[in-house]
Structure formats: C-alpha cells, structure tokens
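The next block holds one structure in the form of structure tokens; read it before the comments.
By written order: A, B and C. Residues from 1 in each chain.
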Amino acid sequence: MQQQIASLWEQVHKQRPLVHHITNFVVMNDTANVTLQLGALPVMAHAPEEVADMTDLASVLLLNIGTLTPAWIESMLRAGRRANERGIPVVLDPVGAGATPLRTENALRLLDELDIAVVRGNLGELSVLAGLGGEVRGVESVGGGDARAVAEALARQQGTVAAVTGKRDIISDGARTLAVDNGHHWLSTITGTGCMATTAIAAFVAVGDDALISAAAGLACFGLAAERAAEAARGPGTFKPALLDALYHLTAEKIQTGVAVERL
Amino acid sequence: MQQQIASLWEQVHKQRPLVHHITNFVVMNDTANVTLQLGALPVMAHAPEEVADMTDLASVLLLNIGTLTPAWIESMLRAGRRANERGIPVVLDPVGAGATPLRTENALRLLDELDIAVVRGNLGELSVLAGLGGEVRGVESVGGGDARAVAEALARQQGTVAAVTGKRDIISDGARTLAVDNGHHWLSTITGTGCMATTAIAAFVAVGDDALISAAAGLACFGLAAERAAEAARGPGTFKPALLDALYHLTAEKIQTGVAVERL
Amino acid sequence: MQQQIASLWEQVHKQRPLVHHITNFVVMNDTANVTLQLGALPVMAHAPEEVADMTDLASVLLLNIGTLTPAWIESMLRAGRRANERGIPVVLDPVGAGATPLRTENALRLLDELDIAVVRGNLGELSVLAGLGGEVRGVESVGGGDARAVAEALARQQGTVAAVTGKRDIISDGARTLAVDNGHHWLSTITGTGCMATTAIAAFVAVGDDALISAAAGLACFGLAAERAAEAARGPGTFKPALLDALYHLTAEKIQTGVAVERL
C-alpha cells in the first residue's frame, strides 16, 4: 500500500485539485497552508450567494463545523448538494459533535442529507455520531467506544468512510478497516491539527477513486510529516511551522519508506 | 506569592479547565494555542443557539470584543448570564474600547449587565472605561491616566479585578493592588498578545479562588514565557512560535524563580 | 528611486499610520502582523455600526474581498465612502475576482462606487477586472493577459493605480509603469502573501503623495524582506515567521541597496 499512497501523493501534485473549504475561523489559515504544502489549492468561501459557484470549480468539498452557526450550515448544505450533483467527494469534520445539541444535530443532518465520502473526527465525536456513547468537552474527546467498533459502525450506518484519529488512526468503510500509526504527540498539543488532518484527507480523496485508501493516505502522509517536524522543533509552537515545512518537503521516496498503514 | 503562582499553574495542568472563548477573528488561533500550552482546553463558540450550552461545559468564559458586531454582543450576554448563573468566572477583554462608540458602549454594557471577574486591557482602553480620559487609536493605547489610579478606580466602580497591562502590569481589586514586571518588548510588536494575556488570566481564574491573585499569576507566567521566548527568537515573527514553546515548557520551578510580582 | 522608497519607509515608522482593514478571515492575523512589522498600526473592524467611526481614525482603508458576503460589502462601501469624504486613500484587494460572479461583481462595484487609490491582485484577477480575459481557480491565477497591458488598461479604465503581482510585479497609473523584481518563490507556497503585499502597499500609500511610487515601494520592501527571510527558513512553514522578522529588521540602508524597481 505504501506505493499506492506515494502514487496518490504524486497525483495531488500533478492535478493540483481545488479544495473548497467551508470551515471554522480558528483553522482557516492553517488548513489553507496544509492544502498548499500538499500540492493542492485551497479556497475558503462561505457566502450562500457563491458557495455553489465555488463548488463548481472544486475537486472536493470540505465541511467543518467548528465555530458553526445555522447560516453556515445552510451554506454547507447548498454547497454539499452541488458537490453531490457534480459527483465530487464531500469530506466532513464534525468538530465538537457531542459537545452541544447544535453541533451534534447539524453533524447528523449533514451526514443524513448529503452523500459524505469521508467523515473524520476524534473518538468522542464519532462515538456520539455512531450512537455508541462518547463524550466531548469543547472540542476534546474525553470518552468514547472502541475506535474500531466506532469507525465500522458509523461507516455502515452512514454508507461512508469513517476515520477516528488519535494515537492510532482507524479508518473503515464498513467492510474494510485500516490503521495508521504515523504521527507525533505534539499534534495533540496545538489547536487545529485534527482539522488539518481532514484537509489532508480531502486533498487525497480528490485524486483517488477509493475513499478508504485516500483517507488513510492523507492521514499517513500528515502523520509522517509530523514525525519529521518534531525533529526540527523545540516545542509545540515551533512544531507548527516545522510541520508545514515537512509537508512541503515530502517526497514519494520518503512516503514509501515512512508511512505505517496496516489492514486490520 | 511565587509559590502560590506555581501552585495555581499546577492546578491548571491538573484540572485542565475548559476556557470558552467568544473572541475576535484575529486571535482565535493564537489564543486557542495559548490555552493548550498552559495546560487548559480551549473552545471557540459564538452561535446564539449554542453559547449557553457550551458555557455549561466550561470552567471560565472569556469575552473579547475585537471585531465585534451587535450579534456577537448578544451571544456574549447570553453566555455571560449563564456563566453568572452557574457561578463560573467571566473574563473580559475590551479590545478597542475608546476607539469607537460601538466598542466603548458595549464594553460598558458587558461590565454593567454581567458579573465580570477580571477585565484586562491596555491603559487607553481601561482609562476610557473608568472615565479617566484615555485615547485609543484602533486597538492601540495612545494615552491614558496613571495605570494604578485607573486600575483601582475601575475595580471599585465595577466591583471587579482590573488589569492594566503594559511594560509594568498593574492589577487591582480596588482594595489590593499588585504589579507584574515580567514581559518583553517584542510582546508589543506582534498582534494579539494582549488577547493572549487575557487567555492566560482566564486559565488561572478558572482554578483559583482569588481573582486578583489568579490574574497576576496569568500575567506573570505569560510574561515569564515571553522573556524565555525572546532568547530563542530572531525577531517578532519567530517570537510567537517561541512564546508558545516557552509556555509549554514552563515548570513550577521556573515559575517560582522567575515571576516578578510585587504588592503595591 | 531607491532613496525615495527608503524615505517612505522611514515615514511609515515616524507617522505610524493606522491601517483600517476590512479583510478576509484567512489572513487577518498575518496582515495585522505585517502592518506592525512595517511600523504602522493595524485595526480590523467590519461592523456596519462602527466602520465609518473607525475609518475616521485611520490614515488608509484596506478592502479585501476574500471570504466576502454581501453584508461585508455593505460595510466596505460605507467605510469607503467615509474614506473618500475624508480624502484618505482606499486600497483594494479583489481576492478571487473571476472565480465567482459574487466576487467579480462586487470587486467591480467597489471600483465603480469608490475612489480607489490602488488595486492589487494576481494576473488572473486583474485581467478579469480589466475585461482582458483572465482565469481564476479559487484564489489562484491560472490565466490572464500580458501583465503590463492589464495593469495599464485597468489603471486607465478605473482612474487608479493597478498592481499585478507575480514573479515580476507590474504597477501602473495608466501613464507611468514600474516593475518590481524583489520577492522569492516561497511567497507562492503559503496562503495570504498576496494579501500581505496589499497591506504593505496600504502602509506606504498612507504616508506618500504618489500612489504609484508608494505601491511600488510597498511591494519592493515586502519582496526584499521575503528574499532575506528565505535565507533564514527551512521551508514555507518557517518562511512566514522569518518574513515577519525580516520586515521588522528592514532598515533604510538595506532598502536603498536591496530594492529592485525599474521604470518601464
């Protein structure tokens, strides 16, 4: 699978897919940069008057519900319907699902009303969405089910690929399940790294035809860059610029020898 | 008092208080990171439909009026009332009070309608709010009264702790007044460091029972980290990641020997 | 012209002009920092209730349509009219013009209804606005006319200074045309550097009396800082903090020997 992931990474650089983000205010800058460092193109646009037009230009749509309001959900639905009509994939990051009814209900609404290719969240968020318990404090997972059981259940319930990220990432389409062991502890010490991981998934989903493999590829490459970044950083603050450097300096060779993906 | 501050810092790490921010777009990412580096948990949420629910999960509520609109003020009032009902502290950063009527009036409205544990601002902002002159150009203090007189007056008028930050920080509850001499010149050369200082206050207020001491503790630890960061930076740009590193690498020992707090 | 540019840079530090930004969510933090590193003062304010009041305090108004909505355009028009009444310059960054009708139409509306001192964009954006073709994918230029022809045509059509930025920046007021050759490849690998360049223009336009020269001065100083930053960076991630460092460490002497501006 290493070679397949390296090949997908090369496709991102070759095709430069446009990733249309409707995302939260906290991470907009970082996720735009992650998109660029991976070789893709970012755009952030949320006005109801233009979201469908922007989705028309895009190769993938990323919906992220951090700092959401009902008006933004309407824009997400509008863009999502257009993406579904056009047949481009939609990736969902249900930030804070489980913390408040607004977030839980709207994450489920997006999953119900749209065809979502991949949903990525932490264990608490996806446990809640799968109806398997789960506890979220703010945007932090503080409890949930077994990651594999959660990913598989949510994937089957929603007909999607579900990615539970954590020390070990678990990705499932309900039939097949993968684990990714790349990453670094410092990813959990700065804000927005979950959102950045979702952006990495989106860039790879845009160029692949198997969302399960693309999701694992995005997470593995992101985690691999984090490992390299940690060597160049002195703490979480210098880790973020180093992470962007490392994403930019990924090569097919580094990916083939560095990604740690396992079929479960 | 050094030992007391070190002990509060340890409590932040132990309790991991959730800091609910309703804050401005410019600093959201930075203040989320400061929260994490200090050992607490951040969440940013402003939708009127969820702010009270999010405040229910939080240990402290931080209101910051940079980039405000009337709709955001309504959300701040809603969250603030819930925080007051629950008895968790509310910390206010009146960014740009004095620059426009919208900011001045709404900062005073928040102080009047809510029970505010700590208000932190620059000399111009807090001078305006205390009715002691003060001039603010954009978000920059360009004139004000004597810092101690301003802090004491505002604290008495509003029944709060007032923290005037600058080269020397002055914190008063109207009866007792403290000064903090930690910090570094580069804090004044990048955007958002005042907002970050308010976040540090919030994290400490969440775990302490004396808002005056907690406010001084937050400012002293933040300033101490800035001193350490300056040694690792080559200018204001590299200072910010270094500041987050230094906050993360604080220890009880560094705090006991490094904080410079004086009772006036 | 080198001496003239160095002199303008000194004036920015001396006068500390307030740059009122109504800008997009992605770059707010970075453009505030660029403003500070250049010696000016930033403020971000978009509420219709305060934009005119904030413009009253400002020395220049910067309008940037990334992440726009119709409500923000109304605020831009209100602030722009006040700026025009007061006779302070207005600088426009038409981010993504050409990508969607909302962006194209509103960029043209701002150009038509306001007196714009300088408009800066990439080749695709300004080609679209000049009616000379142009293709924009998200916020990326993927096609356009000849940069000089575009800058000159748009400047004449709109009675403004038009700056087309790219590997070589072309700036024209319709009668005179300049080229700036400062810059570095990494500027194209992170998000928001176009917006930062517009901020640099705004700071210089605030203190100069010839918008053409000021625009070239802002771009030359920004590009010069990028050249220096690249030497201190290990990739695009560490390039951004290094860029802010380099802007902060500019001196009149470095500018006189380093800027590369040519009259065409």
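Convention: a contact is a pair of C-beta atoms (placed from the backbone, for glycine too) under 8 Å apart; a residue touches a chain by one contact, two chains touch by 3 or more.
On a predicted model such as this, the values are computed, not experimentally measured, just so you know.
Engineer: Quick check on chain A against chain B: do more than half of the interface residue numbers occur in both copies, making it same, or fewer, making it different?
Structural biologist: Mostly different residues form this interface, as fewer than half of the numbers used are common to both chains.
Engineer: If I superpose chain B onto chain C using their CA atoms, what angle of rotation comes out, to the nearest 5 degrees?
Structural biologist: Here the rotation carrying chain B onto chain C measures out at 120 degrees.
Engineer: Based only on mean CA positions, could you tell me how far chain A sits from chain B in angstrom?
Structural biologist: Chain A and chain B have C-alpha centres separated by 33 Å.
Engineer: Taking each residue of chain B in turn, which ones touch at least two of the other chains?
Structural biologist: Expected reply: 25, 29, 240-241.
Engineer: Please give the residue numbers of chain C that touch chain B in the complex, ascending.
Structural biologist: Within the complex, chain C contacts chain B at residues 18, 20, 25, 28-29, 32-33, 36-37, 41-47, 49-50, 53-54, 57-58, 232, 240-249.
Engineer: Quick check: in the complex, which residue numbers of chain A touch chain B?
Structural biologist: Chain A residues touching chain B: 24-27, 29-30, 66-70, 96, 99-103, 137-140, 189-192, 233-238, 240-241.
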